[in-house]
């Protein structure tokens, strides 16, 4: 069982459904097990799915601008649920409006995310980082 | 003889011919005598024409960007030719590129121009100032 | 309550109202008689219907942005900026995503956070929370008619509050604000909640106050074939008319091929008129709206202007009644007011330069209108059949059966078997037909067009084309060609 | 030397050369044999002709900016920026106005002032002053083919230096770089100086080095009716071919009406081919260029993007071989490199989205091509008649007679009796025919179209229309309607 497992989904009240379908497709092609929760995923749903699937990472997508409100407390809830040090990614259009990305990254890192990706990050980039962080050759 | 006389033309190596034809038309409609020297007018030509026509103002148009080089010394030559205090206007796209207009105005005023107009100034505006400066009702 | 396409009795409507108004404290602010009187006091030039009707007569295309922020003052500032600096003809008020899901306490939290952080933490204007008074402040502070734009499956309270609040147009519909905007909500439910909104609109109409209604044309905004989105628009227009709506704007999201896009607007107008007439709704005024490309945008602002301007040109050449305008910030985030106004000014320039021109009605255009008409009719006729003649019942069953099938929709009540892709000229065609009820001639037509592309691409017709097409415009192409 | 349309003998050419090279010290740098060898060392993908020929085959539209600054290093930086950040397919080197008038010492002064002030005080690149070596530095520092773009009545020395300097295309012609760019220079004179440039090009061509030549299509850029500018382009193509030029790009400045603009490009291609063939020049490769609107631009950058993108769409729909790109700074001043690149990226986005689309060849388009063809032929046939069959002699006489008549031209050798205005759909028509030799059917056609506008405008057909049209695009319109 070499394959690493990812839980993916679009957080909060966000219904942007196109990107996550493509990520699902791309991550599988790249050799990951993927649990795709689709759109409108609550923090609890990510955590439950991650526990159940013994996931190595949670990949949070947020497009609609409420990402900052929706992500508050996710790391803490992971910790409480025993998902200590699980890899947490967030990406998409994660804040409202055009903002300085390094500032945004800082804020999300402070919330406990391991990596933070800006608008339109191509699947290949994400996959590269996942492989690196999860020690996949 | 109430009518004020204007000498107009496009200075230097500038061949932009549309605007000056329209200004000629508009100034005449507004009740001025106009001596239109057309395009590619030298400093000397403006001065000769102004002396001959006993002009009240010289309206220099420059579109092509070399206005600053072309206008250097015009006021001094006017002074030498006895056209003391003749009203000097300059307008059009008088410098190279998009520059801060107040800075540009300062430089042209320092060269002795009484008024300096930015890109696309409508004829009505110019006419208003001319009437004011020449004391036409 | 069971769903059928029948005008609600006044009693049924008024009974339901009590429930609706009780779902959030601001509901109590709405007094229908007072609201009707208030609406009657709004001058003609600030009414959506009047301005649209005039545009139809003058054959001009009006421009309208999307915009909304959390706080009333900031929102007014934004709208004023868009009319003064952007030259918007029609104004929007885009509602935030919490309100769209009736999560009014989350919206309240967003309002507070926005005040605290000094910037809008909501992606739109929380209309319910701001109530009738807040809405009136907005509509009274601007010179142009204002529309509510959102994506709310259950928009009953929002409609009550904002129409009482002086908005003169309300976007959405039981299909178009469900399937692209929700995951777990049945079509039965949203068609009922939207019958309520239409019945409310009809109630005002019956009392001399005309409110414009606009089904959301683009759906998921991503490679939706024109006939599919047009079929949905026609259904929502018919359903609205039954509840007493008399002024409808049917919409379409630009796909990118000039001929197909112009044809789609013509077909949309023809089909809407035809089906309204068929069911006996003879006094509905129909206008059209083209949405500039609704899928993924290029990040670069100059390139985004390219997409915006091309959409403007198509809207003008198709003589759409209005065009919904994107901004150079589209790919990044909710635009600043400056970026929003810039999108408007670019659009206005193109629209005005094309005001006196239209696409000549030549053979190619006629052929494209014809195929869209035939596809749309196939979908609608099967839908009616499934409903035993009732368009509402039929719609629910058509989604179950995959007869109506919207690509990339988040809703679990959408089959998701149909898959689109661009043909060799960039027109969006049916790649997998799924259960969409097309006869052989239509299937063959779509396949032939995709085969042409496959040949040019030097690959088989397959889903990878769809994936490539999704990225194409943001990568500066229309057709997603394989990398060479 | 008397002007006739006949290939110069090599002796005549070489004798003149000595004079030309002596007019400024850098002339001494040119050694033709060495220059030919140098040109031969330039790889295919950096040659203008090769890239244009490929674009013709692929039916794609290439994009090219205008750009030039005073100093070599800065100019290289600028061009690199335009290919890297703008995605330019073809590069320009726009020459400054002093050089255009052979005022090389003024240009020298400009170079010094530019160094002193740390900013370009010239509106272009002073190619003669920088000499062969300076030119080679430029052409060697970039990846794309580079063209000289200017407006120089006597460009003989400039051509010698820049072609030896590795430029592979040279814009201009005896009419198009006189009438819009000079006041006191006879057509006889400039047609001779440009025969020299063409003969020089032919000299390279005879020795296996193909240099592209491009008559300047838009002329004054201000409401020039397509048939008038096309007639000039055809003449310059024919005259160039006689001197041995084998690769010509004929150009047209967008007027703004879709049908007319697409028709103009088609007609331009047809007429150029027809007249080249008629005079027996069978081995000339002809490409076309559309210039985005060349008249007054709106000052607002977003609106300027609107004009730019609409021009891009037309170029793509007409399948012009290349498009010359404006910038969002157009109305204000020589653009920054960023603004220039932004114009390019917006253009590229539109061109790419339309790469697989073209304007359908329907009745309206065919009719418009037909009227432009007929008008162009009328002008050209009368010109040939006036020259007793010699197109050069005829051209000089045609200008004297006002048979060829360019609106708003600064040249005193242009009659200025013809006056254009837009019709009710924005197509540019002949308002005053002047002495342009049109038969009754053409005159009536033009008048009828203008009458339609007059009716819509509720005023008489008159010069005020022309004035209004001059301002229209910069005021966000196409047709200059009277204020209501």
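Brief remarks on what is shown
For clarity, chains are labelled A, B, C and D in written order, and residue numbers in each chain start from 1.
Please note the rule applied: a contact is a pair of C-beta atoms (placed from the backbone, for glycine too) under 8 Å apart; a residue touches a chain by one contact, two chains touch by 3 or more.
Keep in mind it's a predicted model, so treat the numbers as computed, not measured.
Minimum number of contact steps separating subunit C from subunit D: 1.
Listing every chain that touches subunit B and subunit C alike gives D. Centre-to-centre spacing of subunit A and subunit D amounts to 54 Å, using the average Cα coordinate of each chain. Rounded to whole angstrom, the centroid-to-centroid distance between subunit B and subunit D, based on C-alpha atoms, equals 30 Å.
Distance between subunit A and subunit B, defined via averaged C-alpha coordinates, is recorded as 65 Å.
Of all residues in subunit B, none touches two or more other chains. The residues of subunit D never reach two or more other chains; the list is empty. Here the chains touching each other pair up as A-C, B-D, C-D.
Per the touch definition, subunit C reaches subunit D in the complex via residues 256-259, 298, 300-303, 305-310, 312-313, 317, 341-350, 352-357, 360, 362-365, 424-426, 473, 476-479. Contact residues on subunit B toward subunit D in their complex (touch as defined above): 12-18, 21-22, 25, 38-40, 64-66, 68-69, 93, 95-99, 119-120. Of all the residues in subunit D, the ones that touch subunit B in their complex are 96-98, 100-101, 103, 106, 109-110, 113, 119-123, 151, 180-184, 220, 222, 295-296, 299, 329, 331-336, 339, 408-410, 467, 470, 474.
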